[in-house]
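Residue numbering begins at 1 within each chain, and the chains themselves are lettered A, B, C, D, E and F in the order written.
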Amino acid sequence: MSAFDTTIRLIYLVAASCFVLGLHLMNSPVTARRGNLLSAAGMVVAVAATFAVLIDAGTVRTVGWLVLGAGALVGAGAGLWAAKTVKMTAMPQLVSLFNAVGGGAAALVAINEVVRHAGTSGMSAQTSVPITLDVVIGAVTFSGSLIAAGKLQGVVASRPVVFPAARLINLGLGVAMATASALLIAGRGGVPLLAMLGLAALAFGVTMVMPIGGADMPVVISLLNAFTGTAVAMAGLVIGNTVLITAGALVGASGGILTKLMADAMNRSLANIIVGGFGTGDNAAPAAVGPGGQVRALSADDAAIQLAYAAKVVVVPGYGLAAAQAQHELRALAELLEARGVDVSYAIHPVAGRMPGHMNVLLAEANVPYSQLKEMDEVNPEFPQADVALVVGANDVTNPAARRPGTAISGMPILDVDKAKSVIVVKRSMGHGYAGIDNELYTDPKTGMYFADAKKALTEMTAAVKVLVG
Amino acid sequence: MATLTVGVVKETAPGERRVALTPDAAGRLVAAGFSVLVESGAGAAARFLNPAYADAGAEIVSADELYARAGIVLAVKPPPVARLRRGQTVIGLLYATENPGYAGELAARGVTGVDFAGLPRTLSAAQSMDALTSQENIAGYAAAVLAAHTYEGFFPLLVTAAGTVPPARVLVLGAGVAGLQAIGTARRLGAVVTGYDVRPQAREEVASLGAAFLELGTVVSDSGTGGYAKALSDAEQHDEQDELTEHIAKHDVVITTARVRGRRPPLLVTETAIKEMRPGSVVIDLAAGELGGNVEGSVFGETIVTDNGVTVIGAGELPVTMPYAASGAYARNVTALLRHLVRDGALVIDLDDPIQAGVVIR
Amino acid sequence: MSAEFLTDLSIFVLSLLVGFEVISKVPSTLHTPLMSAANSIHGIVLSGALLIAVTADNLVGYVIAFLAAAFAAMNVVGGYVVTDRMLDMFRPPASREKQ
Amino acid sequence: MATLTVGVVKETAPGERRVALTPDAAGRLVAAGFSVLVESGAGAAARFLNPAYADAGAEIVSADELYARAGIVLAVKPPPVARLRRGQTVIGLLYATENPGYAGELAARGVTGVDFAGLPRTLSAAQSMDALTSQENIAGYAAAVLAAHTYEGFFPLLVTAAGTVPPARVLVLGAGVAGLQAIGTARRLGAVVTGYDVRPQAREEVASLGAAFLELGTVVSDSGTGGYAKALSDAEQHDEQDELTEHIAKHDVVITTARVRGRRPPLLVTETAIKEMRPGSVVIDLAAGELGGNVEGSVFGETIVTDNGVTVIGAGELPVTMPYAASGAYARNVTALLRHLVRDGALVIDLDDPIQAGVVIR
Amino acid sequence: MSAFDTTIRLIYLVAASCFVLGLHLMNSPVTARRGNLLSAAGMVVAVAATFAVLIDAGTVRTVGWLVLGAGALVGAGAGLWAAKTVKMTAMPQLVSLFNAVGGGAAALVAINEVVRHAGTSGMSAQTSVPITLDVVIGAVTFSGSLIAAGKLQGVVASRPVVFPAARLINLGLGVAMATASALLIAGRGGVPLLAMLGLAALAFGVTMVMPIGGADMPVVISLLNAFTGTAVAMAGLVIGNTVLITAGALVGASGGILTKLMADAMNRSLANIIVGGFGTGDNAAPAAVGPGGQVRALSADDAAIQLAYAAKVVVVPGYGLAAAQAQHELRALAELLEARGVDVSYAIHPVAGRMPGHMNVLLAEANVPYSQLKEMDEVNPEFPQADVALVVGANDVTNPAARRPGTAISGMPILDVDKAKSVIVVKRSMGHGYAGIDNELYTDPKTGMYFADAKKALTEMTAAVKVLVG
Amino acid sequence: MSAEFLTDLSIFVLSLLVGFEVISKVPSTLHTPLMSAANSIHGIVLSGALLIAVTADNLVGYVIAFLAAAFAAMNVVGGYVVTDRMLDMFRPPASREKQ
């Protein structure tokens, strides 16, 4: 091997190591940013080395350089612009879009190989298999990711879309892909067959994602991300490039694990999402929805991260805290946050609970210092400064309906929880409180609902905060 | 705009130590534009002295002057009708339903009676005016402390070199406002507390204070209206008493708080039950009153020790033993109610308003 | 199987193992950034896309090269930038106080 | 082997409701081979009736018979010397050091006095016989409950629709056995508690109950011997009083428990201090006795309300208010001591034994 | 590549994957055993494949087979016997012994290569570098591990042994090794030079480990374990065997991480241990030792594992628990254990604390149910059944000296904590209790001391139990 | 550098990364078993030891082969067995009750 080749391979090895270490650092919020930078550094090195290879090869003509330059510039520009201007909430669909083009690029590498040789004849299985896999996976990912992005963006219907004769269509596509693949692998495929395979795979990507509901999209995107990784690894096998193999396999495997973690965190099984999507339409359990609007359900980790990175948290205890006898768990969470430097106080509504002073008796049992208890009049002006209002088993005393006349609680002074920057509500369901009316707070966009018994919820949140901050 | 004049009377009922307005609250009313008259010595029994009222901007006057000048008379117990005059308004715990006679006299004299006991309890907006709740709350706390003081053993479990004392077993019958507060307070002191009530919601409410709920096999009841319990039928009541008897004997302290609106309090602890209690046990009857109480043989305002050494206290008016706390809370209720009744410096009677519909005696 | 392919396969398997091990217990709020980061990494396909140009000599080849380069570049650049933006939320409370 | 006969007398001191042996403990002694005589009605004031003793195997006898037959007389307070006879032993809280006269009479009569007050307190092996500790412990608990009962406000903080009541501020002076228990009990009830003592270890001990420790600038003291505090010099005492005065005024309830072995209890709360307290405040003086107490003007066994509305209770003998618990613990101490003194069925006096050296009056 | 070669390489790949997954499973106590079995299965497969290679090569003569068979039998037999009969407490030194022979075998592979070619002449750097490294690392590991095992076994002095002129000797050995290595790598070394290198490395292994104290041995053994892994990887590079490379590198890296974790857990820095050993002798802070004997200090994890895998735990609270106001933390730990099915009760000594009933007041604050509190007379007969007695801030009330006459606490009844199967004591130091005397319980071999403020200790233990049981 | 060596080097680096990632936060009571398990894995040198015999043809060769085989076999067999014994302590509480 020439010294040049050796150097390039060593550089690729370094780049691959950067990717691994970068991902490693991204496991913790504290080092995540550094990890991303390290990974990016590896990428710059690898791409630079590839340019060196191009130059060294000496066969790239001016047109080639121009084409490459134009392509890279257009792509990079579009990517940069989109990434810089996208709204926080639209990031997932953007990631899906980037994933689509990544999958597309991987497929193109294999397609180029087939086109260049005008077919797969003469190729050994060790080339034709990766080629076929690359095209299939790349194409499925391309169309599937675009649909997923569309669903999240609202361009494509977010609800599960079930085709008539969906099974038949899928069967047809499956047969078509299998046949084409077999022929290609057997070395008997030409460019038209490849085109057919690509089109079938594109169609399959659409029929695969369409019947899945919007709530499951993050998991689907993650799965497609792992697909792209695998496609890239296949592309690497096709052109015998180790950095593609390493990086692709790395993403394939880590993406797979991540997909599983995400599905677990949402209490969904991956098989359910995909097969469910194919078969009967959608069986996602959508978050409970109140009559007034959409409810956002939180996981323990989401709640934990909001709490851990808040500067000021106001806890609003209510009857549910007493019913769950979760006062000790609440105090443990509050102490943990305080140890992190978060300013924690408790907002005591005069009629929270079921007897005068109920919350005092309860919190005294858990030895919450009096100095942290704040009366309604004292704490209400503080809510706008609170990063998080953590409402635990309180309902009526936080219900903004009290401010309007004509409801069962009109005229009752309430805690201005809805003035906080964000709200986390812990309760078991969308059930009513003592007054028996709906609470508009729960459908406020800035409110996240954590549906669980207060004791369980607080224990889980404490554990999640501990994991988070180490 | 004429200023409204309110007058705080000195309570005349025997044993009554509360006062309808504290100096603090008087100050708030003065600040809100009221003119406040205070009968000399009105707060003395609650340790609020004349100078404190004067400092808050109130005028210290004689009883005669007070009744003559005040537009609104503030009292805890119903003041003598004879002193009131036509056009005056009197605010207090008048119990018009239970005392139709008094209500009739007020009407005859042309006095508007505003009765805290008529307040709609389940109305959220009325909670700050709910004097029944604020006083019951004090009664519950005081009952638990009184029980601990009267009981001749420890409430908590203590393991010491001089042996281990098991914790006192406390049974609270009736888990309304007073019952719940008694449960919470007794638990704080370390007693093992069991609660019981006929209302089905009470089970969860008792558990929310960490106490056990006593499950009786026979008696099940729905809630009545307004958050109050329904009266039981005679047969049901009998079953309840029988079942309770065996449980009562297993407890060292029994606190009863059961009431049914507008009726004689249900009898829960029979003489038989008391006979089976251990010498040294304590029974506190918060429902004891002129109509009787929850405990057979309890006498309003008296402490009786039975032959078998059980102390029975007819503690129907415990808030008077904590006049400082009780007057403070009552005064808050009074000011909240005044704020609701008075608009633009004048008393506005509006019977379409659900709160007024409840409190204003018709 | 050629020795070279066997080598590539070994590298593939080992890389899978690394990928499998590198993700440990991650807080779920990091799931999306992590996915985004992995997404950027497979942007390495840019290397493959560039290499197409080594052999491209007709229109089809150039079109493929252009598309592949554009796609891959978008994946890489956009991916890293958007990941970085996502990670913005992990600045410690103190440094955000001055907002 | 002759059986030892112990006799339980009926206490004659006014107000004394305890009894030296409970039926339970009597049963244990009988089982251990003692013959137990109980003066008829000895336990009545503590609600232990004759039949209960009889059931436990004791013999109910008259006082005359008891003094005639008992080898060992068990009492709480010193029984009349005149009734005792030569060769008899008497066990009780005799306070021989404080009462040299009584001790002398016993000696003159040839009666062996065994005095719980002489027990070496820091000796681990003696802890189960430590009647001072067991009774002080009860006093501390009872003091906190009495304070809560007497105080006319809430101990805990309560946020209610009728306003927020701040928690009572309780100051406990002297953090020995009684003081610590009072601190713990008041804290349970939700009061904000501060403790103070001259012994340096007390700081950590008070904190170990979750209460605050009051730091005084001037007074520092070493522990004396036997775990007891050293007496302060007059100047020191004066400084202490002065410094305490301003702190006392900031509290709603003050419980004092300071004692110095063999001396008049130190005066901690002066009249000036009481004058500066808020009307309605409560002061409980556990050290109140014939020699005086920690509080200026407190009278043993009496409740005084000062002109400025402060209630001062001279509660020197609180254990008698909880005769059930107090007798139970005392009886345990008695049986433990008997187990120590009696070997093979006979009383063995051995002054080399550190416990006996302490308790046996010489 | 022949089909046979391909198959072997694929099998090696499978074996390597087994090792990785096996180690992965060993991260948690729940799956550890399965992990070890998986790893062993991989080993069986790899060794079997190697036998196939031997047969396929066809060059092994009968003598060769006999030699191999005899060697393998002797080694396997000795290993099996030792592993089966060793006492629990002697396991670390056995592991060290196994590590020694592993390192020796790795060195022998390289030595064989040099001997076979009668020197390194003609070898390229890519062979001679791994050879040299293999011999050096293997030999250092061999002698170093033997010394470490000897120290733990008590055959070699356990205390740090400092030579006179230690620096000089080390310098000499260093120069010798460097020179020999340079010559070997340059292709100018013969067998004698190799022998010299080997001997110098052996000597260096001894001088490296001798000055390190017995307390640090576990870390040193782990380090030498990582060394062996690296040596094996080098051996793999020498003979071009991928499974050796993979497995060796795997152990090298994971062993390195593990060494760091171990040093961290003991609050020691690796550099300190090694350099400290070289330089000034030993500066290990030995666990505080009472006058009566050796004290064993526990980490939170050790305590956690004992607690989590116990069937019955008796908690003994004392004054220190009150002083630290750690009642809530204690209850949280107890609840966690109970949730796991551990039977938890609290033993209340009549005079624990500083006032009668102190522990009752304290535990009531934390809402510990009365049913879990046990009096002394009730709980003392239960101690022999308790897997762990967890003593938190109690001292005098657990001191067996009370059973003997003549001490300050003689005659006081005590809690029979020393009858429990194992004891964990939480306190800040070896400080005395109220009675001011030493506690023999602390030097009991079955007692582990957790030196920390009770609040901190209990929080840490709770966290550790959570990590452990997931 | 030969392509083969480069491959071996790649495999070496990737294996290092795997080893680096595979150990996560381990309870310290598992440290010793884990060390022991890793120790068994490097017993794979047995493969290398066996391969010595392929070329061995003189006494020195055989002695080396014998020693290497014995050493490595001891490492492998003893290592796995002792690890298994160490892991005995992690049987759940229930299954040990019957002791």
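Methods note: a residue touches a chain if its C-beta (ideal position, glycine included) is under 8 Å from a C-beta of that chain, and two chains touch if they have at least 3 such contacts.
Just so it is clear, the structure is predicted and the values come from calculations on it, not from any experiment.
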Handout entry: Smallest count of steps, each to a touching chain, taking chain E to chain F
Key = 1
Exercise for the section: Kindly list the shared contact partners of chain B and chain E, in label order. Expected result: A, D
Handout entry: Reference chain E; chain at largest CA-centroid distance
Key = B
Fill in the blank from the handout: So the chain most remote from chain A by C-alpha centre is D
Practice task
Since chain A and chain E are copies that touch, just let me know if over half of their interface numbering is common to both, same, or not, different.
Solution key: same
Fill in the blank from the handout: Quick note, more Cb pairs in contact for A-B or B-D? It is B-D
Completion exercise
The distance between the C-alpha centres of chain A and chain F, rounded to whole Å, is 39
Practice task
For chain D and chain F, let me know how many angstrom lie between their CA-based centres, rounded off.
Solution key: 72
Problem - Length of the line joining the C-alpha centres of chain D and chain E, rounded to whole Å - result: 57
Fill in the blank from the handout: In whole angstrom, the CA-centroid distance of chain B from chain F equals 79
Exercise for the section: List, in ascending order, every residue of chain D touching at least 2 other chains. Expected result: 127-128, 133-134, 137, 156, 158, 160-162, 185, 188, 190, 210
Fill in the blank from the handout: Where chain F touches two or more other chains simultaneously, the residues are 1-4, 9-11, 13-15, 17-18, 20-22, 24-25
Handout entry: Where chain A touches two or more other chains, by residue
Key = 16, 20, 24, 242, 246, 350-351, 356-357, 361, 364-365, 367
Exercise for the section: Just spell out which pairs of chains touch, all of them. Expected result: A-B, A-C, A-D, A-E, A-F, B-D, B-E, C-E, C-F, D-E, E-F
Fill in the blank from the handout: Counting only contacts in the complex, chain F reaches chain C at residues 3-4, 7, 10-11, 14-15, 17-18, 21-22, 24-25
Fill in the blank from the handout: Interface with chain A, chain F side, in the complex: residues 1-3, 6, 9-10, 13-14, 17, 20-21
Problem - Residues of chain D touching chain A in the complex - result: 156-162, 164, 167, 190, 192, 210
Problem - Residue ranges of chain A touching chain E (in the complex, touch as defined) - result: 328, 331-332, 365-367, 463, 466
Completion exercise
Seen from chain E, its contact residues with chain F in the complex are 15-16, 19-20, 22-24, 26-30, 32-33, 35-37, 39-40, 43, 46-47, 49-51, 53-54, 57, 59-61, 63-65, 67-68, 70-76, 78-80, 82-84, 86, 88, 91-92, 94-95, 97-99, 101-102, 104-106, 108-109, 111-112, 115-116, 124, 126, 218, 221-222, 225-226, 228-229, 231-233, 235-237, 239-258, 261-262, 265, 299, 301-302, 304-305, 309-311, 340-342, 464, 467-468
